[in-house]
Amino acid sequence: MQSSNSRPSQRANNQLRNVEIIRHYTKHAEGSVLVKFGDTHVLCTASVEEKVPGFLKGKGQGWVTAEYGMLPRSTGSRMDREAAKGKQSGRTQEIQRLIGRSLRAIIDLEKLGERSIHMDCDVIQADGGTRTASITGAYVALHDAISTLLKNGKLTTSPLKQGVAAISVGVYKGTPVLDLDYIEDSDCDTDMNVVMTADGGFVEIQGTAEGEPFSRDAMNAMLDLAAHGIKQLVIKQNEVLSV
Amino acid sequence: MQSSNSRPSQRANNQLRNVEIIRHYTKHAEGSVLVKFGDTHVLCTASVEEKVPGFLKGKGQGWVTAEYGMLPRSTGSRMDREAAKGKQSGRTQEIQRLIGRSLRAIIDLEKLGERSIHMDCDVIQADGGTRTASITGAYVALHDAISTLLKNGKLTTSPLKQGVAAISVGVYKGTPVLDLDYIEDSDCDTDMNVVMTADGGFVEIQGTAEGEPFSRDAMNAMLDLAAHGIKQLVIKQNEVLSV
Amino acid sequence: MQSSNSRPSQRANNQLRNVEIIRHYTKHAEGSVLVKFGDTHVLCTASVEEKVPGFLKGKGQGWVTAEYGMLPRSTGSRMDREAAKGKQSGRTQEIQRLIGRSLRAIIDLEKLGERSIHMDCDVIQADGGTRTASITGAYVALHDAISTLLKNGKLTTSPLKQGVAAISVGVYKGTPVLDLDYIEDSDCDTDMNVVMTADGGFVEIQGTAEGEPFSRDAMNAMLDLAAHGIKQLVIKQNEVLSV
Amino acid sequence: MQSSNSRPSQRANNQLRNVEIIRHYTKHAEGSVLVKFGDTHVLCTASVEEKVPGFLKGKGQGWVTAEYGMLPRSTGSRMDREAAKGKQSGRTQEIQRLIGRSLRAIIDLEKLGERSIHMDCDVIQADGGTRTASITGAYVALHDAISTLLKNGKLTTSPLKQGVAAISVGVYKGTPVLDLDYIEDSDCDTDMNVVMTADGGFVEIQGTAEGEPFSRDAMNAMLDLAAHGIKQLVIKQNEVLSV
Amino acid sequence: MQSSNSRPSQRANNQLRNVEIIRHYTKHAEGSVLVKFGDTHVLCTASVEEKVPGFLKGKGQGWVTAEYGMLPRSTGSRMDREAAKGKQSGRTQEIQRLIGRSLRAIIDLEKLGERSIHMDCDVIQADGGTRTASITGAYVALHDAISTLLKNGKLTTSPLKQGVAAISVGVYKGTPVLDLDYIEDSDCDTDMNVVMTADGGFVEIQGTAEGEPFSRDAMNAMLDLAAHGIKQLVIKQNEVLSV
Amino acid sequence: MQSSNSRPSQRANNQLRNVEIIRHYTKHAEGSVLVKFGDTHVLCTASVEEKVPGFLKGKGQGWVTAEYGMLPRSTGSRMDREAAKGKQSGRTQEIQRLIGRSLRAIIDLEKLGERSIHMDCDVIQADGGTRTASITGAYVALHDAISTLLKNGKLTTSPLKQGVAAISVGVYKGTPVLDLDYIEDSDCDTDMNVVMTADGGFVEIQGTAEGEPFSRDAMNAMLDLAAHGIKQLVIKQNEVLSV
């Protein structure tokens, strides 16, 4: 068993924060999920639109895309509102592109038919790991949107190939740890976001040395932690979806 | 007693929706309030910043300003994200200017000192009346932010002069009604937003004839309803603030 | 009779500034009106376009929309040019939306047919009340544009239901006054813009407490003044249109 | 004497349109001139600001800059409003840069002192030649602004070195003509704008072959016409300034 | 023979810099030319697109347009990247409009058919005269793009009417000189860009007095120099195109 | 030895394209490098500026930042120019953020002192791998800029900690391959960009499953290839820097 005393939260190194996934959080969206990774709370809504973007017209397939935003005071000090500044930051675009790719990895776009699903991930409260919480919650919202399409007869078979979830791992004060919160994230040597399918395949790996470069060994340790964490997230997703 | 059978919600003509005001909804902001007018849910966060905008530098006074946004799928059909479009709509700007003026009407900016309070009103779920819910919730968030400043010694006396709340009134199918929900709002003849202080003074009146022009009598009836509704909102605000 | 000595302009409290409405001011537009409320001069041009915006295509109705602008040095100190800044201010959008709604209130859009009328209100010189002068002049320009359509056979009956005009009222140094000029506007307690049809119905009321909240009595006094002023503006409009 | 029958306006080939220069057209600006070249009407306002742009701070000199705009319906068919589109066209920027350079050519920026003059040229009605009318009117507005500075003691000697004016010339249906109106401009082979000082030096020459390339002879003929026209404009400017 | 000792580069007053025109510089574009005027290096790529802009649809003609850019460190001190700033400067737009007009002057757009040629002129290294180098190189790239269309059978006859080239001339320390480099350009009295066809017709003349106004004599001297320089550029263009 | 017949280029699976690194490519920048990975050509210029961005003022450290752009016709079909569109794409921002982080990983910002180095990576010709070529070339340009600072006495010791280079790896038709060109990149299952220091530490790993999720084994194979490729790039960098 791993010692946990290096972590500000007293968590074990391989321990997730409390994860909560609340379905049907708002009433209008075809899928609406509030996901909590500890104090990180993200609202994921899936909106179905019966048309595809221009570049896909007439190609017999659908599209899934994502947008991400943070409420200005979801963070410790208030950030400028992107709508008021008139543009989305590079970070925002990076994250929403990542979410979109992660969801497209587990859906058969031809089976989806000529329609789009817009996933909106809006951070209500941030404490590290907003992009991994977003992907984990977005899968459930996507699943609910597909269920809606199946229920109302727009689809007869589900285009979902399997589940997807994401978690961050990193090296904090020399030790690989799972699911970094904001304090750890601000002070870690390495930060890696891992997106995996329910059956354990890699969808995305994004690792960054914040301070010192990291070794192959550290990476292997981080990937082990990530696999461990994602396995639990998948169980959680399936639990809430089975209700 | 007024007959209620003309309203889709079966409410009496002078009846508010269920109003709920939840303080300390998120953890970072100096004031954080989730306000619900029925199915309209708005998160109001008040952020204190120890500086003023350029045009007030060195004038010995503070500033209160507001921004407003709707999550893309807070509504029945998804709206484009303003941050992605690169600009705020005229409606958004109109509403955030209204919220800002309403709050500045009840605060003594000199007593506030050279600091700013940014009020962010973000609509999580919309069902009509988002701007009046915003103002009503924002007052409580502002009050909490001021309490924080008093508690930590940055202020010794409160710059708040009194409370403020807002409600919509309108003429729906020929009858003046209080607190229109989305169905009523989409189909009313006249729509009026009224902002009043706790002691019954008018701060803002914005009435628009959506269909036929309205008469002085209709306006008087609407103002009576508004005064009636705001009285109850003020009681609600004081209740939650007294806990 | 009311005493006038409280007003910097020596006008009686219920006295409009000199109003002048000059038709056919420029040669290209289907309607082109220079309206003067004292030193406030606004050029209103109505442009007919034989198509409707996307959201109205194929719906068998027309559209009337408005844009508003101030020349950079129409005011006491030069304002930045909005075209150079790359965006219209919240105030500009608020005003142009108000003008548009006011004109749509008195026109039958189905009778207009599938065409648009663009109203441009450009302030050449400002001295308070630019939005009310704009609406008052815009009605005459709209009337001229409709006459052009009738003359050239594009329309056989006028879609205009009646006239519309607007005036500001306020409480200046404790006294309700009509048609505030810039000096009064900068220093008033309450500022209210009222838009009414020629037959006395309300189209828009927008009242704002600049300093102290205002009472129901003050509002009633202001509305009386507004009705009085608009009656005279309607007479003026009809006079110039009868030539 | 030249035959005039080739010109739609029946003007002689070397004949200007009626030129009118009205000073003090609006009341706020330090210089305010409405200039008319026939049906082309431009309002030129000069605004003095007691500071210089960042790149000139502390360099002991002033700055003169210009902005240009067309009211949306100054033209035969309505143009989109640049403020609403969120950017100025290439043509707009080209013209305002030309006006600025032309004015800076005849002013001693060191003698002006550390202050700026903003020239706004706004086209009220267009019929060809808006940029040359702008420059010609702007000089008079600039002169008035300088006179204001001299009168109120901010300057003791005038920084103006001499006058400046501008005119268009072109080859229309094979014949060189002076001061093209819109009909000629739309259908000419060559279009040249010439800016000259009062004593006959060239400040700017911008010639464009719209159809066939033009010869050195044509250019010489056009420059003769331009010099002839500008001489008359300078007389006109001096006339109105001597009142 | 003219004395050259006034020029920092020791060139004779009527002497071009070394001119080099390298075809097929990059592999994707239908025409790709690196043009060097001394240390000024511009990459000109011509891209064929089988459609025309909206305003030309169905008119049976093609279009040629140009865009211009400078790499941020093509100059002595780094300039902000226009893509990051979110807008092109007035200078950039002026130059790309000039390049576009110059190319359209020598091509028969009806013969080109309903297709567009986009010319991109990107400055790799700048030392004065980037716009004249751009036009001179762009002609060769355009010629190559047309040859591609002829070769693959999309065109059967060339729409090119003749060649075009451009050069700058100016008055430097009192003497008219040809092809100014950056040092001369920064310190000259007059700067003139001249665009001419291969057979000596004028396409564009843009002359600006940077300091003192210039005389008709100076202009004549400059035009003589320009004609002399362009003759050599045309020879150079033909040489490289004949390979 | 690995079989190469699956690759369109006939390269061995672990074979880089021809790599060329040309220093001093343009004359103005403190570091200027043209880097070629086969047909991918990127110009990397390092510009020194003697100030730091606002958020670092007075903190006794420097900054290194990067911008990335593609010439519109660097690619097979022309892309819109980002400066003309008015914004940088998400992909562009993602890449320039990656380049910046990679360079900051190997420089001691405190030793750099209060100055900034702007790295501009502009793609002249693209054939896959533009971001890895950019980072590899940028290191050499950064090294040259530092040498300039050392030479002119602005620095006495180099703030560079070691070298950095980057390469792409992927799974193409089931086989892990090194340094994907455009054909491979468009059709691969997995695409991974790896940034490593000269001594073999990881700086960034970004792997994306384009089609099927990838396994841990595949990732290990790709990382082996990446380490192999980067070793050769580092040798190449040192070779050109030793001249």
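Lettered A, B, C, D, E and F in written order, each chain numbered from 1.
Just so it is clear, a contact is a pair of C-beta atoms (placed from the backbone, for glycine too) under 8 Å apart; a residue touches a chain by one contact, two chains touch by 3 or more.
Here the structure is a predicted model, which is why all the values come from computation and not from measurement.
Counting steps between touching chains, the shortest path from chain A to chain D takes 3. Fitting chain B to chain E on C-alpha positions gives a rotation angle of 180 degrees, to the nearest 5. Summarising the inter-chain layout, the chain whose CA centre lies farthest from the centre of chain D is A. Distance from chain B peaks, on a Cα-centroid basis, for E.
Per-chain CA centroids place chain C at a distance of 33 Å from chain D.
For this pair, chain B with chain C, the centres built from the Cα atoms lie 28 Å apart.
Work out the mean CA point of chain A and of chain E, and you get 51 Å between them.
Chain contacts: chain E has residues 86-87 touching two or more partner chains.
Taken chain by chain, the contacts form a single closed ring in which each chain touches exactly two others.
The sequence of chains round the contact ring, opened at chain E and continued through chain F, runs E, F, A, B, C, D.
Those residues of chain A that touch chain F in the complex are listed here as 87, 90-91, 93-94, 96-97, 101, 105, 192, 196-197, 201-209, 212-216, 219, 223.
Of all residues in chain D, only 26-29, 32, 39, 41, 43, 45, 47, 49, 67, 69, 71-78, 81-84, 86-88, 92, 118, 120, 122, 124-126 touch chain C in the complex they form.
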